[in-house]
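What follows is a pair of complexes built around chain A, which joins chain B in one and chain C in the other.
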Partner chain A sequence: MLELLPQQLANGLALGSTYALVAMGLTLIFGVLLIPNFAHGEFYMLGAFITYALVASGLNFWLAMAAAVVLVTGIGWIVDRVVFQPIGSAPGHSAAQGSGLSMMISALAGSIILQQVATIIWGTEARTIPAPMTGVIQTPYFTITALQLTVIGTLTAAWIAVWLVLHRSRLGLAIRATSQNRDAALLMGISMTQVRLATFGIGAALGAVAGALLGATFPIYPSMGVTPVLKAFVVLVIGGIGSLPGAIAGGLVLGMVEVMVAGYGASQFQDIGTFVILVAVLLIRPQGLFGRAQVER
Partner chain B sequence: MEKLRSGRATCLILGLILGLGTLPAGAGRASAADEIVIGEIHPITGPATFYGLPESRGIQLAADRINKAGGVTLGGKSYQIRIATEDDQASPTTGVAALRKLVSADVRFIIGPLASGVAPALKPIIERNDKLTQLIDGTIADDMTNGKNIFRNQATASGYNVAVVKLFSARKYKSVAMMTDRFHAGFMNSQKTLAADLKGLGVTTASEDFYKLGDTDFSATLTNLRGRNVDVLLIRGYPAEGALITKQARQLGFSGQVVWEMVSPPSTVLKNIPAAEMEGVFNCIPLTTEDYVKLGDEKAKALDQAYRGRFNEGPGELTALSYDAVYIFKAAFEKAGSLDNAAVNKAMAALKVADIPELVTRYTPQPDGRLFASDGQVDLRGEVSVWRGEGWEPASLKD
Partner chain C sequence: MMDPLASSRHGFIRTVAAASAMLVAACAVSLQLNDYYLYVVTIGAIFAVLAVSFDVLLGYTGYLSLAHGALYGLGAYICAVLTARHGLPFWAALPVAGLATGAAGALVALLSFRTRGLYFAVLTLGIGLVGHQLFLVFDQVTGGVGGFVGIPGPEQPAWLPVSPVAYAALLALALLWVTFVAASLFVRSKLGAACLAVREDITLARALGIRVAAARLSAFAFSATFAGLAGALFAAISSFIAPESFTVLGTGFQLVALVVVGGMGTLWGPVVGAILLTALPEALRVASTYSLLAYGVLLLVCVIFAPKGIASLISAAVRRFRGKSKPAPDPARLRREATP
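Right after this comes the complex of A and B.
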């Protein structure tokens, strides 16, 4: 079985990259705005379906994906405005309170509404976006598809792009300041509207990119975002909530663990592996691999 | 006082609205003297719509044809069939609610359900109610019938396995890796027997792996397959996962034979995998509506034509079973000469295949010619189909 290890590692890398790609947008929104955005799975789903619809109508895959990213970014802003902002600004809700139970319920409501809308438009039958590339790269040690390589490349590019925005622009500075101390950021004159728009926009766009690319690999259907978003929350805990490198490392760790459990254990234990590692991280390093421990006063 | 009266009136109206709301569409006329209401429970919405809706439409089509031809004749009097449709969304809880709704509307004859998760939830309720007769046209899970008031004109998973064994025997395959949907009761319950039957042919089961609906990554399992060099990858479940496993297996270098054991409409398959990647894949299920049409069966062609004429698309793979179910009920009513459930059950158990010339599906008669065995199950065996071009076609195993 050891001779298959390089292939299993490649499988784990490919699977982990898909988790990381979904988790990146989620961690950004959660890290900056403290919103447990369960509707992120629906940004992913809408990215896939919009790309599918545009490709089916004859548009080139990459153009369709770009259009889906723009549309889902807009949907992300609408979701924030309609679903989250009213809760956050409701009387009796501080920012912290607003990110608690009411935000979670609101996010679930938003998620269900988006799923139902997609069901009405596209129905429930599973389908797959015609893949923009079909090649398989074979090495002496492992095989990987061109699309899997594209996902890994996109993950790297997305991480670099988000890092550049966060660390090399005034907007990024504002986002990071808000993430560290929202009240202090407000006192410094940072516009919360701009920060929210940027954070939700980038988060939703990352979800749409993930949906478009993974929809060319996996079947798409209206509830397709539920499992990935749950896995993405696991990734957040493993990597450290709010940490972009943590999202990537967490995704890769999760992918590797799942593949190793299925490959060297039993396939039915694949999901159990996910939650065993979650519990292990919570016990050993509750702040996650890249998170910082915070002291509650 | 005025307020009290208006309050009572509001309550009365609300009560009426709620009361009416719990009745199935049109059930208000359920007791009309000249009609027989047959309830049907299928997933009209939800994840299994692509199976359930064509079944429901097949039932409507059969009822309309029977009604146009004069209806059901009992004691010299003609009755029209009316279908009360309930949507179970392939969910056990919704299915039970649907059944209760039909029962409360005094519907006593039920066709369905489709889903293997719903049927076991309905079974204890129906078994205890001697005012209900059920004819299952969907689920293939074993032990769903009792031959008393629950019958089935669909195959069992064991019936599907007949075709798998036939294929392995004809092609002399030596080893198999099975991947099974672990929430599919029919496949899970029959897996042990299938493995034993294959072992009897000298086939080694190299691995048994399990997945669930919605799983997307099978790479670890499929990588191990490559190391085992098996002849056949047998996939038992639903078509979206079937397509994904097939694609991933090929990408990871699996060059053996892929065999499916699942109802998989070509339209659904093609939404998930290019036709070229399906070429040569075998499927082991009983003949479907489309297969009968391809075989030139006149009754199937007529059904296909009528279905297309009315719904502007082709019938589903299970449409013929649902269509047959209405004719089976008609024959049982007429044989019983009554709508009393005990009499209908007895007549149903005694029906012979030859009593129902309208049947599209080719059921194998019991040794005495009856349609149902004593446990209420028809003998419907899987056949081997192969994917060619854009769809399935009956396979010649002598290739």
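Right after this comes the complex of A and C.
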């Protein structure tokens, strides 16, 4: 059994990287704008389907993926404008708990609407994107496909890119200021429109990248975003809400645990293993691995 | 929101009388409907039971649980196993299912109340997902993904000469009445008042010596018990249950939607929400391809245009109709005006 361990770790790393990509977008939107975006899974789904449609019409996979990322970013802005902004600005909504609940419900509504639109366009049957690369890399301890390696590489690149934007640009400074204290940021003359556009754009783009890459390995269907977004919320809680390193570490841990449970236990216990980890983390460290302690008021 | 301490025993009697009148009216109307609409009434009433009891936890105590889809399923499976495998009559299985689900809910509550806010929501989401998975994994007991077939329906007394479908609808409406009365009793009790204190300011409540743990635990157990009862009735009426009826994203979120759209912190708001969001899409199933899309749009419109729920819109309309144009004083505004 032990000789399988390196192979399991490699598989877990690849799986965890896609979780981390989804969770990064989710934690960014939640951390900065305080929106629990349950429609995030649909960005992922649309990334996969738009890539599929463009590849089917003869485009190169990577060009199709780039186009899908651009389109999904636009869809992300539309979703923010139609689904979330009316709630944030309506007079009946305060910043209290009620607003968070309304946000959740409207996110759910947005997710249902996007899923149904995708079902009307593409139908419910599962499809596959032809794999853009088929190479396999052999090492003495494990084998890894070129696609898995690309996923891991993409996560690394995305992390570096997001870190550079957040910490080395004026826009990033504005985003970080907003996540620390929204009112103070507004008083300093930070444009909320810019921050919203940037945050939703980056979040949706990360989701679309994950969807396109995973669509090249697994079948795609309109409700494919549901499980990843639930898992991404679990990742968020394991890592600590609003923390990017937390999202990445949580995603990788989750991927590893799932692969281990499926490999050494039974595959039907895969999801249960995940949530046992979640419950354990929350009981020992309720604010998540990288989270700041919540101040009780 | 209503203040339960201010409302007297007189108010409770009036609530029960109004609920009873509604029950009689709903039963009378239901008996005129055809079988399809009777089914819609049954499902709507079961979801109203879930929503009203869920609001005791969400609206009155301020905790968002996503585990209630699985608790509803637990009640359904307990009733199914007891009646179909062990030959218990439905009327014996129903209270067992309710109490056992209430106990399971108390266990979930003990685990989850270590956290709060979004963490509480996500922890219960995890528990809900595990529960749903367990229904799939223990296929010896539950029938797995294929579902549990052949659950005997509730025994019908001979003196009630109605069709079984109509009987199911009457039972669901009666359970809704029981839930409504029990919930209004609960929120008027000392425990209910303590729950409100937990919602408003848990630290202050602790400092005042209110037994916070007992209050929120009982709110969770209350909602879980009625979720179990609703599940048991659902199992007996449908005669077939499958794990897909008890998912987090389907049922768990549906409950939140019913309560928020209907109006949190009122007991009749969730009933309105249940009628609007479960019965209406069922009744409008003519364009079935677009019915889920219509549901999504309806949900979005409700949340954007009635942020405090349909209940607040209705209250405002009633106030205007009675000619009381002056709205109730908003405490936040009073405080603002008091500060120089």
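In this text, the second predicted complex is superposed on the first by the 290 of 297 C-alpha atoms of A that agree within 3 Å, B and C clash if a C-alpha of one lies under 4 Å from a C-alpha of the other, contacts with A are read in each partner's own complex, and residues count from 1 in each chain.
In this section, a residue touches a chain if its C-beta (ideal position, glycine included) is under 8 Å from a C-beta of that chain, and two chains touch if they have at least 3 such contacts.
What you are looking at is a predicted structure, and each value in this text was computed from that prediction instead of being measured.
Undergrad: Touching A:Pro286, do we find chain B (first), chain C (second), both, or neither?
TA: Touch partner of A:Pro286: chain C, not chain B.
Undergrad: Based on the superposed arrangement, let me know which partner A:Trp163 touches: chain B (first), chain C (second), both, or neither?
TA: In the superposition, A:Trp163 contacts neither chain B nor chain C.
Undergrad: Of the two partners chain B and chain C, which one touches more residues belonging to chain A?
TA: Touching more residues of chain A than the other partner does is C.
Undergrad: Is A:Gln7 touching the first partner chain B, the second partner chain C, both, or neither of them?
TA: first
Undergrad: Should A:Phe218 be classified as contacting the first partner (chain B), the second (chain C), both, or neither?
TA: So A:Phe218 only meets chain B here.
Undergrad: Figure out whether A:Arg127 sits in contact with chain B (first) or chain C (second), or with both, or with neither.
TA: A:Arg127 contacts chain B only, not chain C.
Undergrad: Just to be sure I follow: which residues of chain A are touched by chain B in one complex and then by chain C in the other one?
TA: 268
Undergrad: Spell out the residues on chain A that touch chain C in their complex, using ranges where they run on.
TA: Residue positions touching the partner: 36, 82-83, 86-87, 90, 92-93, 97-98, 100-102, 104-106, 108-113, 115-117, 120, 226, 230, 233-234, 236-237, 241, 268-269, 271-272, 275-276, 278-279, 282-283, 286-288, 294, 296-297.
Undergrad: State the interface residues of chain C toward chain A in the complex, per the touch definition above.
TA: Of all residues in chain C, those touching chain A are 62, 64, 111, 114-119, 122-123, 125-127, 129-130, 133-134, 136-137, 202-203, 248-249, 253, 256-257, 260-261, 264, 289-290, 292-293, 295-297, 299-300, 303-304, 307-308.
Undergrad: With touch defined as at the start, can you tell me which chain B residues reach chain A in the complex?
TA: Checking each residue of chain B against chain A gives 45-47, 49-50, 182, 209-211, 214, 216-221, 223-224, 226-227, 239-241, 243-244, 251-253, 268, 271-274.
Undergrad: Considering only the defined contacts, which chain A positions touch chain B in the complex?
TA: Going by the criterion above, the answer is residues 1, 3-4, 7-8, 11, 14-15, 18, 123-128, 130, 136, 138, 143, 145, 214, 217-219, 221, 223-224, 227, 258-263, 266-268, 270.
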